[in-house]
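Look at the two complexes coming up: chain A is in both, with chain B in one and chain C in the other.
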Partner chain A sequence: MYTFGPAEWQAIDVTLRLCLYTTIILLLLATPLAWWLAKGRSRGRDVVQAIVSLPLVLPPTVLGFYLLVAMGPRGILGKTLEDLGFHHLAFSFEGILIASILYSMPFAVQPLTEAFSHLGRRPVEVASSLGAGAIDRFGTVIFPLTRSGFVVAATLTFAHTMGEFGVILMLGGSIPGETRVLSVLIYDHAEAMNYEAAHSLSLMLLIFAFVTLLVVYSFTRRFQVVRL
Partner chain B sequence: MMLRIRAHLRYGGDFELKVDHEWPLEGVTGLFGRSGCGKTTLLRLIAGLERIRGAAVSFGDQQWQQGSKFVPLHRRRIGLVFQEHSLLPHLSVEDNLLYGYRRTPALLRRLHPPEVSAMLGIEDLFGRRIDQLSGGQRQRVSLGRALLISPQLLLLDEPMAALDTQTRREIMPFLGHMAAESGVPIIMVSHSPDEIERLADRIVFLQDGLIQRIETLHESLARPDSPLFDDAGAVSVLEGFLGEAGEDGVRPFGPSEARLWVPEAEQASGSRPTRILIRARDVSLSLVDPHHISIQNHLPVTIERIDPPTDSRCVVACRTADGQLVLAEVTSRAVSQLGLEAGKSLYMLIKSVALLE
Partner chain C sequence: MPLFAKPGRLLLPLTLMLLTTALHAGDPVRIAAASDLRYALDDIVNLYREVHPDTAIEVIYGSSGKMTTQIINGAPYDIFFSADIAFPQQLKEKGLTTTEPAVYAIGRIVIWSNTLNAAKLTLEDLTSDAITRVAIAQPAHAPYGLRAKEAMQAAGVWDAVQSKLVFGENIAHAAQMAESGAAQVGIIALSLARFPELARHDHYLIDNALHNPLTQGYVVTRRGGNMPEALAFAGFMATDKVHDIMIRYGFVMPE
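Then we have the complex of A and B:
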């Protein structure tokens, strides 16, 4: 049996940090966005929905390419940062974090939009009439009634970020401890004909993905039964 | 307390709501009209659930909406009860009841859990889960929850429309108690003349998005073209006190000069005024006071007005000795045979009275 060396542990560390930060930041961003998509009446909703869902259909290399252009030393974002005395974002952890957030956006926004639409307006109106302000309503009514949506959004975001490859390779390359995540390390191992190492990491990710999906499906089913 | 509303809303091509009215809120105001006439939209405007541009809403000296000023619902202190039960499914009955109570500043609390639960008969439900309640119980808990914020105004959106007849009959007395005992003005949306006649003191008639008329229940029942009569014909509602039941279980109602006898009224309290309903077609007129007849309720009355006949039947409006108006529906042939005319004194025979509790 192949045992993990320092390169593997480093990749696991980068991957877990990337997944965790992406999930936390995305839930914070996706909650208001999904609420607006579910409840808003503005005509701009279709456009925003389409933009959010783009990563579902776009080749990851396209997203990675444009991000590289924007975040590189001569890109709009990268150049502005450099002018302000910061480092540009290409080939950095912060860079692939931003890429992950964009790339996994639909996996956070869609379950939440679904959950908020399903909630309907009544419970929120009831809570308002009983004197609860916006934050109070979110904490005591909206969140408890849409918890399954949050669990699904968080799990899918985490798992999908772990499965990211193309965007990271385009934008981040394979810098140990910075941008070399598990999927990239597996690619490197396979390129170097180190099949045994690639195999044990691949198997680990396969099992992780399966268990995650199992949890998501059993959770959504159980929750629907409770809600009815 | 005056409620003042001004709003103009057009939606789609065919629906328009146009309101510029004010009326005093005391007791129960019925918001009456057919489905789709804008009742619920008007209620949502008052509640602040619908923010219609350019609308103005004020309640007493509080401006709830005016220009860019908009007080959100959670600061209006309005109790809301909807058609379908709207208890929060993740909370117990107790937590539902106390959700608003806990958020009401102690200084503003006038109604407290013990008296509210007694008023609505929900003392025994506190420990239950929502899904262990019947439809009627759920609606009573919703009413209790709304009352426990000690609201300045209670808005009921067809609170009984989703209940079966049996349950409706079970809830109705509680609504009556609540209106009388809580002292909170109520606006109740309804398309049922029966509910309006039982509960309302004042009626706002809404048709195709326009307020046609605002009048008291008695004013409305006194006019022959009242929309309340559209479905089931003319009715009269009398208010009075019930006396103690005799050995046969029949209870006297009203003052001695206009005494009626009401059967099957064990549960009704005698301490508050009670309403009874008399259908005009259950009333006959006689020039003499007949004895030897099974009908128990005879009242001396004076004819106030005879409405023009429709389908050869006339509604005759009569004034009782205690000044209440009772309508009788008779054929136009009877009117001419008996020589009925305004000012004539005669006897009214009432075949059946229904206690509205």
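Then we have the complex of A and C:
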């Protein structure tokens, strides 16, 4: 059996940090956005929904290319940061974190939107009439009723971030400890004809992906709140 | 003890010192290298680590053209080993380098196959119907791919072979395509064909009169110029021990 070396552990560390941060940040951003998409009446919803879902159909290279152009030292974002005395974002962990947040956005927003729209107006109105404030309503009524939506959103975001490859390759290069995530390391091992290492990491990711989907499907079946 | 009498006074310089050492300690020498060096440079870095166990070195391999684009876009590389000295020169023109681009080796290309006896193959044989897939590196940004294209053009087989070509993202990728058998034949770097895994099979050395020379150059980037360890490693490349390793992998040393 192949044992992981420092390069593998380093990639596992980068990958887990990336997945964790992406999931936390994305849930915070996606919750109000999904609520607005599910409950709002604005005509702009279709446009926003389309933008959020873009990563589902867009080649990762398109997103990677534009982010590289924007985040590099000559890009709008990168140059502004450099002028302010910070470092630009291309080829950095922060850069691939921003990319992951954009790239996994639909996987957080869609299950939550679905869960919120199944919720109906009634429970919230009742809670409101009983004098519950906004935060109270969310904590005691909305969240418990849509919990499985949150579980599905978090699991899918985490797993999808782990499966990211194209965007990270374009934007991150393959810098150990910074942007060399597991999928990129596997690519690198395969290219170096280091098949044994590529195989054990691939097998690990395969099992992880299967277990993740199993969790998601068992949750959706049990609660019948979100259908994928 | 007077030293500890006023700890508040020491706090700021001490924190600053810790911070700066932490910053420096966290930054290894990052080398961007052309993929034909994949095995030779690994050996060289391992040798360097024996002599300088305190220097942390990381090597990232890719095609020379892609590495150049990455450096222009701000990639944090300290030394760049290109398969074509034209790329480090481009970086120099953009003011992104510290040292003068220098030649470290001349590369060669070979025909290699996992299924056929490549020693008996010539460029003309690539037109044969028995060969359906030929792997080369992407000529647009990989020097070894461009030289393979030039050699096929000079041999007059380019038009016939073109429809059979599969393109690796860099020369190691092309070699891997041939190694896996997905392409029957690959035109790859001699340095990769010398790697034990691939050296199990013979290769055919392509006449270097058929293509422009693979003059491989390296440079310390502007970023690496602030790093004594990067300059030290660059200096190490000129030693006999390193030349021996490079020659073992089939590189011709510049005079």
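Note that in this section the second predicted complex is superposed on the first by the 224 of 228 C-alpha atoms of A that agree within 3 Å, B and C clash if a C-alpha of one lies under 4 Å from a C-alpha of the other, contacts with A are read in each partner's own complex, and residues count from 1 in each chain.
Rule of thumb we're sticking to: a contact is a pair of C-beta atoms (placed from the backbone, for glycine too) under 8 Å apart; a residue touches a chain by one contact, two chains touch by 3 or more.
Because the structure is predicted, anything quoted here is derived from the model rather than measured.
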- With chain A superposed, do chain B and chain C clash or fit? fit
- Task: Kindly classify A:Gly166 by the partners it touches after superposition: chain B alone (first), chain C alone (second), both, or neither?
- Result: neither
- Task: Once the structures are superposed on A, label A:Ile175 by its partner contacts, choosing first (chain B), second (chain C), both or neither.
- Result: second
- After lining up the shared chain so the two structures overlap, which partner does A:Pro123 touch, if you call chain B first and chain C second: first, second, both or neither? first
- Query: Which of the two partners, first being chain B and second being chain C, lies in contact with A:Ala90: first, second, both, or neither?
  - Reply: second
- Roughly how many degrees, to the nearest 10, is the angle at chain A when you join its Cα centre to the Cα centres of chain B and chain C? 170
- Would you give the minimum C-alpha distance from chain B to chain C, in Å, for the three-chain superposition? 50
- Residue overlap on chain A between the chain B contact set and the chain C contact set? none
- Where on chain B does chain A make contact in their complex? 47, 49, 72-74, 77-80, 82, 86, 88-90, 99-100, 103-104, 145-146, 149
- Where on chain A is chain B touching in the complex? 122-123, 125-133, 136, 140-141, 144-145, 227
- Query: Which positions of chain C touch chain A when the two form their complex?
  - Reply: 30, 35, 38, 58, 60-62, 70, 73-76, 170, 172-173, 175-176, 179, 197-198
- If you look only at chain A, which of its residues touch chain C in the complex? 68, 72-74, 78, 88, 90-92, 173-178, 188, 190-193
